[in-house]
């Protein structure tokens, strides 16, 4: 249940990208995205260049491209939005494959998609090559205020605790003949979600106290 | 009649660690069998196969003639009730009442009959007065008792208990033995408490290093010094199995 | 010298449930004391006050003359090592090695000395070969053994164990008793295993319903039938404390 | 409602960034009173739950994505200042690791969900608490109402920002209708979940719920003397 035994976004590896200092990676990510966003929406060669740089880093990291691409589904609602923009936007109309759309809308949608996708890929690469607690460490190095670091490190720990408690709960549900397919069962899930909250809190609290019992001084790193 | 049939069962955990290497076990209807063995022998792993929480890498498990496979899981779980080694794996609802009612409700029990079952099961383990408390705010031993009640309330045909007596106070331990003796079910009980096994189970099997190394009358196993020493089984301080009455049926 | 001094200790849990109603307990340096009592008596609650994990609603706890209050917590926790009843509360690092090293490292131990301590503690509980495994992938009994090792590695002056023998196989149980006897520390051990208490602890105290109801030589308490019956303490099947040798120091 | 990179123009993004930094600064000061030993793990867990709640995503017609916000839930559980910090942390993690919400739009997202969402929820909650009887049983329903209202308010703030610095030329009235319409529906889910979670926590650990502090009953400690004491 403890911190740091992998994460479903994390792709285990020992490449230079994995080993790079987390705060350097964070700065690189932010720099890269700023650059992408600052580029005018119709400067297509630049976007091709950014994509090439990103592809090179991905190749060096050894993370399979399919692994990253599968995770770009987070972008989906946004893609839907981008696809709608040309239809609902104002401005001069133009025709694409026999459909009338707004021309500035089309350009805007293209820019949104390119910028958004580059940002998403860069973030996913960071996640794939950096353990969550290293991200916390990196942000700490970058002088994130202490209370935020504290909340963040508890959050990272609780992701594991909640996952663990949820796994136990799922086993318990299954062995007493429960299947969650039926919507009539939703209230059961809602009620057990409340219990899950307190259970996770108290489990986390006890583990935290166990750490204190073994001389852990908060502020120091585990 | 044979109710539990485990043949050539092997299991590999997702991290690649193999825990069972071809285990055979047969239990007949109405038997009470103790499953003994050192820490890490694979007892819990074996138990978790009996209602399909874990699925075999090789071999098979059959419950009352039904193979434990995906399509039969629902029916198997209705027949096999497991009390987990860690009560926290068992209890998940906001109150003790909800938790004990959960199983029977899934079996279609409702209304007054449901209430009756819940209270009866809690009464058997002496926890009636805790019916409206949240289970995760009970003492460890109290949680274990509620965990037993959640399974009793389902009236399974086969009762599998993974170290049910650990963390129980001595009186609860004896009361649990009385309950198990009074029920007309097949019982498989994992335990490290050898006198308890002798008291309750006429037959014992020993699992060690992922294989079954012994199977026989409990008293015979407990007095086989070589076997005992080889598998980290020792009789506790001040206990001699030859000085105690044979358990009924043994 | 008195190392543990609990006076008038009362505790109310955040949900309003009161678990301790004014408990007194005094333990001298080098003593081994068993803390007995039924499920829900408040034993774990009492134990969690001994290093300030819970803070009293009334009364006080003093360790080696130091009151257990906020400013002293760090020092108190260095002296009092607690093995929790639930090993899952104790183990949180990604590997067994990291987990056992966690405490000594916080005490400033580093390098080769740290490795030595880790391996020695794991060797004492027979878990050296598991040093690189994640603790949450071990069997329950193995987790309990690692939990004991995490505390042994800190070399506390006062060792408090909450049902350390539950879920241990019989040989591990005896080995743990040997370890505890060989250490030159004060031991307070919660247990439901009365023969184990008799074997290991010359003195016992009984907590029941949140108050201390008895304090005396273990054998005397175990043979006081009225006391035993009143507090759900029963000797197990086939065990008579009059037939076994007195523990050293009792 | 996570705003991606490049959705608002640079001046607007910079301005919201500055507002976000200022708001977090104020929240850090305010949270000093709220964030004690017990509240720090609680804040972490609330962040985890908000994170999970925000994973429940519905694509929204003409907005971006619609999902549970969790601002009111966080405010009631840990207090408004800590809640702002929790939401900011969640948004930071989402943008850095999950690519949900752009890195350059972080300021915008913090302002929308972390500041507007939390404050709207908290102010509604406290306003209701001030006029209604101080009962523990009321905490959860009030939290549900606050959660409900916080959702359309946040959606309107989104439309406002878009009017100032949107890059895609969509007519404002279309956007307003779509955003409000959808979020009035999403608000129902928000209210139900917030109410249920708060209710289950208030019944067993009222001490953990910041919004229940002023209605908490005082605790009595009882001392008993042992019935029988055999000493030897």
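So that you can tell them apart, the chains are marked A, B, C and D in the order they are listed, and the count of residues begins at 1 in each.
Simple rule for what comes next: contacts are C-beta pairs under 8 Å (C-beta built on N, C-alpha and C of every residue); 3 or more make two chains touch, one makes a residue touch a chain.
Bear in mind that the values here come from a model prediction, so they are computed numbers and not experimental data.
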{"item": "Two chains sharing the most contacts, counting C-beta pairs only", "value": "A-D"}
{"item": "Approximate Å spacing (C-alpha centroids) for the pair chain B, chain D", "value": "45"}
{"item": "Length of the line joining the C-alpha centres of chain A and chain D, rounded to whole Å", "value": "19"}
{"item": "Per-residue overlap in chain B, given as positions that touch at least 2 other chains", "value": "88, 94, 134, 137"}
{"item": "Shared interface positions of chain A, touching two or more other chains", "value": "191, 194-195, 198"}
{"item": "Residues of chain D touching at least two other chains", "value": "200, 204-205, 208"}
{"item": "Chain contact topology (line, ring, star, complete or other)", "value": "complete"}
{"item": "Residue numbers on chain C that touch chain B, as the complex places them", "value": "13, 15, 17, 37-41, 43-44, 85-86, 88, 133-134, 137-142, 145, 163, 166-174, 192-196, 198-199, 232-241, 243-244"}
{"item": "Chain D contact footprint on chain C (complex, rising order)", "value": "8, 10, 12, 14-16, 18, 21-22, 57-58, 209-217, 220-221, 224, 227, 230"}
{"item": "Complex contacts: residues of chain B adjacent to chain D", "value": "94, 134, 137"}
{"item": "Chain C-touching residues of chain A, taken from the complex the two chains share", "value": "1-5, 164, 203, 206-207, 209-217, 220, 222"}
{"item": "Complex interface listing, chain C residues touching chain A", "value": "51, 53, 73-74, 77-78, 81-82, 84, 86, 88-94, 99, 102-103, 106-107, 134-136, 150-151, 154"}
